[in-house]
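Alright, structures below, take your time with them.
Presented sequentially are two complexes of subunit A, the first with subunit B as partner and the second with subunit C.
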Partner chain A sequence: MKTLKNLLYILFSACILISCEDPNTTEHNGYEAPEPPATVVDGNLLTVEYYSRLNEENLFQTEDYNAIISHIAATSKPLAFFFDRSDATIGQTSPVVNMAWKAKMKSFFVQNETGQLYIQGTGIIVRPLIPVFDGIHRSDSLFLAGCTLMAPCNQPVTVVLSTCKISEIYQHAQIAEALGDSLKTNKIVIGTIATDQKESFKEYLKYHMTGFRLAFHTVSDIEKTYSLFILTPVNFVSRDIQELSIGGIPMYQCKIEYLN
Partner chain B sequence: MNKKMIKRIIFPLLLLASVFANAQNLSVRVMTMNIREGGQLAGYVADSFCTCIRKYDPDMVVFQEMDNYTNRNGNKDLVSEMAVKLGMFPYFGRSFAYDGGDFGNAILSKYPFYNAKTITSKPSGASEMRGCSWIDILLPNKRTIRVAVTHLDVSSEQVRVSNLATINASIFTGSTLPTLLMGDFNASPESTTIVYALNNWQDIGAGTGYTFPCTNPTSRIDYIMGYPKTWTKSSYQIVSYPKLSDHCFVVAELSFP
Partner chain C sequence: MKIFKTLLILIFFCSFSNILFAQSSDTLKLMTYNLRFGELATLEEIATYIKGEAPDIVALQECDWKTNRERAPHQAGKAFVNELAYNTGLFGLYGKAINYKNGYYGVGILSKYPIVKCERVFLPNPDPKEQRVILIAEIEMPDLSTLTFICTHLEVNSTEDRKAQIRFINQKVKEIKTPVVLAGDFNATPHDEEIKNGFANWTNATDTTFTFSTMKPEIKIDYIYGYPKNSMKVISTKVDTNCKLSDHFPVCSKVIIQK
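Here is the complex of A and B:
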């Protein structure tokens, strides 16, 4: 009788324990994207050029961007050009507006902060007219915005090429919350992240988002305190990041493949 | 007065001061310019418009009848050129392809914008496609504003009301931002178009003077509309530059609580 009582007690306790388990914490091992195909389909590669010093310095010390103007005006392959820390001074000519005008393209600016006179941010230059520049901000601590573009893949694909800068841990949750399901609409985020936050960002997304791929590019240089990150929906994959320099300004040529 | 008393007085005062500091009014100086056929009267020269704009130092300028790389304007991106010269951020919204380039509305903003959109519509009976473009700006005092521009169709009241209905349906979707809609409405204050507009919008310049034609104006067709209807104006000027346009321009200093 005593054995039966003990058995019932154990069974009852087990039932309570099982029913109290939080499915999110015990069974959820985090999201892992499936392996992309081994073969790269060249016709489905999008090229994006990301100019960055990967640190806290302004990209342009003076108007030292003539070589970039010549380069972007002459090259037709990249879908968009990003200029990390192409900061703006209110009332003065923005380097990115100037470059775009001289190269006969259109410019956008994704601020990283609000400021009275001086605003840190990332410029975007694109070739076509953009009916939708899609942006969000969370208070004045996170800005994420980008252009809706038609990518000339084997079959044209609409993508939203966005950018943001991650400097603080609290931004990880803001990004996941701000993106929500929007990656599903072919939103690609290319930006910079403080290198010491790469792992925590990866871990955060793993447990708070699904259907994505995250790639980093870090340069072994003590002065480069930031890394490049590429966050794509699962139907895209970052295939290659090449380090180049245009007119002395470091540029990362990113090739992202659309997976049918 | 002991320390406790001082704390009881000072702390609430500091708190009140910080509340006021964070709840600053949204104040902007805006300008609307119909530049007629892409700036034809000014010879499509950006400097002519820049000289005029500098005089008023607006936070945002909206343009109607802007050309983008057309043959007639000498294959220029006029709004970007003005942005470079004025130190502002440009956005061009295409209404339709025209003369080897594009024709539509444009916006210049002293501050960067984090969102921008252009919509177009051509209701039955319309003479051509008409557009509405807007940008969202987080101002330095952390207040947010949506600034929009449109140029309603010239053909009939019915078409203009339809244009406006399309604008309303898009511009208010998912947004509660204080909004200014500026431009050439091709309609007088007593028209069906403006009566319809006033269902949602506040005619901030109500009771001010005529805006068209530029010399001896006889009608008011250029407007600054506000949403919600709690905007106040500290100044509202109708200025005439016959060498730049056949329309008067409107410059206003506006606040939103």
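Here is the complex of A and C:
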């Protein structure tokens, strides 16, 4: 009985000591994704084409996207085509609707900044008809949306390809909060971020999210004030981003591997 | 004294115009139109009509996606919503209901304003017949509020199936946090029990003018409803009986969504 009493006393004291510990002394190094395998499995690569000038300019000057339409029609590899700053004017045919009409594919539009008549945003063109276009809307400060698609990897994998634009520091917290655990459902976010915010975004996510990989692609050109970012769940990894140009419009061909 | 009077009149006039302006800027023009798979007109003609009416949001039924129908050979291979979006300058959404003639058959939405998210949901089909769907779009309005717009085309032959589908829609809208507009071809008249009871908690934004058929108008089966009941104020409604581009007449309602 005495032994039991002593044991209880020790346990009680230990509990008090632990609960009194200063939380500031606990070291929290943030989340680090494990190293991906060194070998790339080509059959598990999915390709996304991201068209962007990586600055605040409109992607298209006039209807200068005929070369892109021919390119889309001639290629079957990319799962989706994103068009950063393919802005829309209310009541007028937007570039992405026009391109989808000409390419006989499906278009979506994710607004980045809204106005009464003119909306800045990113167009998405996909080949298959999709039943869900999922978006997150935080008043006028954050728009994040994308489509659920079947990626033809070695085994078909359902992915949600989304996009958003990060221009302000306060959006970092909004993105982390809005995504929550949704990356686990194979959600991949490909978008642009103001280049001077790359490090702070990385740091924010490190301490506020887990189970993710974040990759950036920055072009060393003073006029390119934005960088490309690819945020994936930990079971995906960005393997390669190739800079190309289609009809004079800059395009970044992103290869993302599904790590099964 | 005269100057004071003039000033008063001016102030009164300015206030009144502000009220008028506020109302017009909040007014939404909604349309529902069953296209009969484009059998009776070209998509350009339909687009020209829609554009002329200048609606904010349109619900479309009987929309093909790259089919090859014997009854509408001039529409072969056309993606209706793409064509209409392109020719009207609106954003387009498509909701497939079934596979049909090497393509798809379903419903669509055209919107002047950008879409935050959308989902195609299958409706109950208890006594299996043609699969029916709802296409749900959350649309961001110019004042940054959001509106959920639902387009549907309900079962034609079975009252029981239609009742099940309306029950499902009523359950679904309870989960939605924004004001909801439901528009489409319900295949039931205002006297049918499923309409009278099924939409008791909604605001009807249409009148009783017959909407079908354009050759011999004798029933009303196309509707625009608002949910919850107090979320919509109807300004005007019109069935355009001069428009014969389909076997249904287009229905337009001007409403104010109460936030």
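Please note the rule applied: the second predicted complex is superposed on the first by the 235 of 260 C-alpha atoms of A that agree within 3 Å, B and C clash if a C-alpha of one lies under 4 Å from a C-alpha of the other, contacts with A are read in each partner's own complex, and residues count from 1 in each chain.
Methods note: contacts are C-beta pairs under 8 Å (C-beta built on N, C-alpha and C of every residue); 3 or more make two chains touch, one makes a residue touch a chain.
Since the model is a prediction, treat every value here as computed from it, not as a measurement.
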item	value
Simultaneous placement of subunit C and subunit B on subunit A, clash or fit	clash
Contacts of A:109 with subunit B and subunit C, given as first, second, both or neither	both
Which of subunit B and subunit C A:138 touches, first, second, both or neither	neither
Partner chain in contact with A:88 - subunit B first, subunit C second, else both or neither	both
Subunit B versus subunit C as contact partner of A:208, first or second or both or neither	neither
Where subunit A meets both subunit C and subunit B, residue numbers	88, 90-94, 97-98, 100-101, 104, 106-111, 114, 116, 119, 121, 129, 131-135, 137, 139-140, 143, 145
For the subunit C and subunit A complex, residues of the former touching the latter	54, 65-66, 79, 82-83, 85-96, 104, 112-120, 138, 140, 142, 144, 146
Subunit A to subunit B touching residues, read off their complex	88-94, 97-98, 100-101, 104, 106-111, 114-116, 119, 121, 129-137, 139-140, 143, 145
Subunit A residues touching subunit C - in the complex, by the definition given at the top	88, 90-94, 97-98, 100-101, 104, 106-111, 114, 116, 119, 121, 129, 131-135, 137, 139-140, 143, 145
Touch list for subunit B against partner subunit A, complex	68-69, 77, 80-81, 83-85, 87-94, 102, 110-119, 136, 138-140, 142
